[in-house]
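A, B, C and D label the chains in the order they appear, each numbered from 1.
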Amino acid sequence: MNETPAPELHVSQWFNSPEDLRLADLRGRVVMIEAFQMLCPGCVAHGLPQAQAVHQAFPQDKISVIGLHCVFEHHAAMTPVSLEAFLYEYRIAFPVGVDLTGNDALPQTMAAYEMQGTPTLILIDKQGRRRAQYFGQIPDLRLGHDIGLLLSELPGKESFEAPVTKEETRCDEEGCRLE
Amino acid sequence: MNETPAPELHVSQWFNSPEDLRLADLRGRVVMIEAFQMLCPGCVAHGLPQAQAVHQAFPQDKISVIGLHCVFEHHAAMTPVSLEAFLYEYRIAFPVGVDLTGNDALPQTMAAYEMQGTPTLILIDKQGRRRAQYFGQIPDLRLGHDIGLLLSELPGKESFEAPVTKEETRCDEEGCRLE
Amino acid sequence: MNETPAPELHVSQWFNSPEDLRLADLRGRVVMIEAFQMLCPGCVAHGLPQAQAVHQAFPQDKISVIGLHCVFEHHAAMTPVSLEAFLYEYRIAFPVGVDLTGNDALPQTMAAYEMQGTPTLILIDKQGRRRAQYFGQIPDLRLGHDIGLLLSELPGKESFEAPVTKEETRCDEEGCRLE
Amino acid sequence: MNETPAPELHVSQWFNSPEDLRLADLRGRVVMIEAFQMLCPGCVAHGLPQAQAVHQAFPQDKISVIGLHCVFEHHAAMTPVSLEAFLYEYRIAFPVGVDLTGNDALPQTMAAYEMQGTPTLILIDKQGRRRAQYFGQIPDLRLGHDIGLLLSELPGKESFEAPVTKEETRCDEEGCRLE
């Protein structure tokens, strides 16, 4: 078990949230981060609908679902103006932050979490520690299991550590990968 | 929390199991019972594939998936001979018991659990207590959650009690209901 | 173009039809035969729902959809008693004939058409000639195309001849094949 | 049967085509126009995959599939720069034209065809006449039927005229409608 808190979010702009969200303020809740790009087919077909389902199925004071727009390609095509229309048309109801541009193509939060591409799903426990990070498609059954486990966890009784998958890039049905 | 153990299975014949299975012998594991009829469309399209997925996704020494053939209609059409071919063609890999015929149309285990029809999914905790009973289709996300929670549970730390749904009958895409 | 009429149906019993159906009586209509087995997963998941969709989407005086129960394995498991319950539960609305038992395991119509297994979909034109025979899953787009073409055909203006696929056996998601 | 040729396309920019496409140059082929917006959920989930399937299933010298990007809302979010990245990520292989901006929000080709929103699917026969126009989702079986019929048609033997549906607007799973 890594005792270090998960890296804080670096966000330039929030949608669907009246205020900036910080992981540090969400202690006591499970946090699910859905990192996506609006033009990533795997995110649109699987990742975001799954995040919507989690947002609707579980009490929001127990689990916070947060979208993170991690643009690492086609930057001119996925500006906040386009993202806003996308979120409206797809009726995304949970808070979505725009990952802060870094020194290179890779945005800062994406770099801090060493994500391999989009979609990436990250689970953070009630004490603020990263407990799972999945790249690509993950079955609802497995995700539900992880959530059930994290929700029921008592401090000092942690019981699972999901593997953090590492892979390469280009968009396919599974998502967009870094090269 | 009901402290009474879940009713024992009443089975006339087992498939995919070298020996008779008794809930009493499965203490220490979570048990998932998938009650179905081989000619119930909702069981074939949703219930049984979901049970197969659970059987494959989780360690079998932690969770036992058991099929229960609860025939309450078309008895002549769903004999053990037909069931055996069905299990073979659909490649059902987990143990399946034939619910024992009762005094009326309703088989005995089905009656003891007061099931409302098929498919019915029942979750039993490590201590042998019935903790959830769902009639009809239940999302993978919810089922995964319940399983995660039951698997991680420590004695005396139980935390959920799912509603036991009660409904009426006839087969539709959701399943076959008792009238 | 084969000018010989398609082999006549050999049926021991009809369901969903007040009278015996003969291809010879259906001249002037396109006929679609859905050959299936009630315990064939590919038939239940794809073939029969597709046949239902055709039955509902097109005028029945222009195209006749006929189910044919071709049992070539597990004979004791798929008797007419079981079939009748199956048709009722799956709400099959079109006429279904039981293919007549032959001298060996293979029923007579199935043998006459040299079918390779189930599901097999056969298209017969307005003049009673077999024009296409597909084994396994066929996309709706392709089937719709064939139907549109056969429906619009004028005598002497026939324009397509679909390949008759030949393959081997055992049930998988695609269907049940002869060995 | 309307003998007037279908309105010509008004396009400001083409993707996936070395040259400008004009309906007048496509006489002798069936033409299928898929009018869409890149941020319309119904277009992304149903309309465009269906157009891709038609493009792949039928010979391209018999039927030409043409995409038409008809932006009537969120104009700043769906510029040609964003569209180009979208087409790349979704691997759209057929030619796509950007419908020419008109005097109001409605682009010119969309106005000429009196489309009700996106997705809209238009079928044009070998002689250049509009024969069908569907707004929203249309089953593959029906679309395949129409294509089969148009492909087999001989001049003077036309046989169907699909209803041109008229409806109102806002994006839902079915598509984006004009108000």
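The definition used in the following text is that a residue touches a chain if its C-beta (ideal position, glycine included) is under 8 Å from a C-beta of that chain, and two chains touch if they have at least 3 such contacts.
Bear in mind that the values here come from a model prediction, so they are computed numbers and not experimental data.
A centroid comparison over C-alpha atoms places B as the chain most distant from chain D.
Each chain gets one centre point, the mean of its Cα atoms, and the points for chain B and chain D are 49 Å apart.
Per-chain Cα centroids separate chain A from chain D by 35 Å.
Looking at chain D, no residue sits in touch with two or more other chains.
Contacts between chains close into a ring here, every chain touching precisely two others. Residues of chain B touching chain C in their complex: 39-41, 44-45, 74, 76-78, 81-82, 84-86, 88-90, 171, 176.
Within the complex formed with chain B, the chain A residues making contact are 50, 53-54, 57-58, 139-149, 151-154, 157, 159-160.
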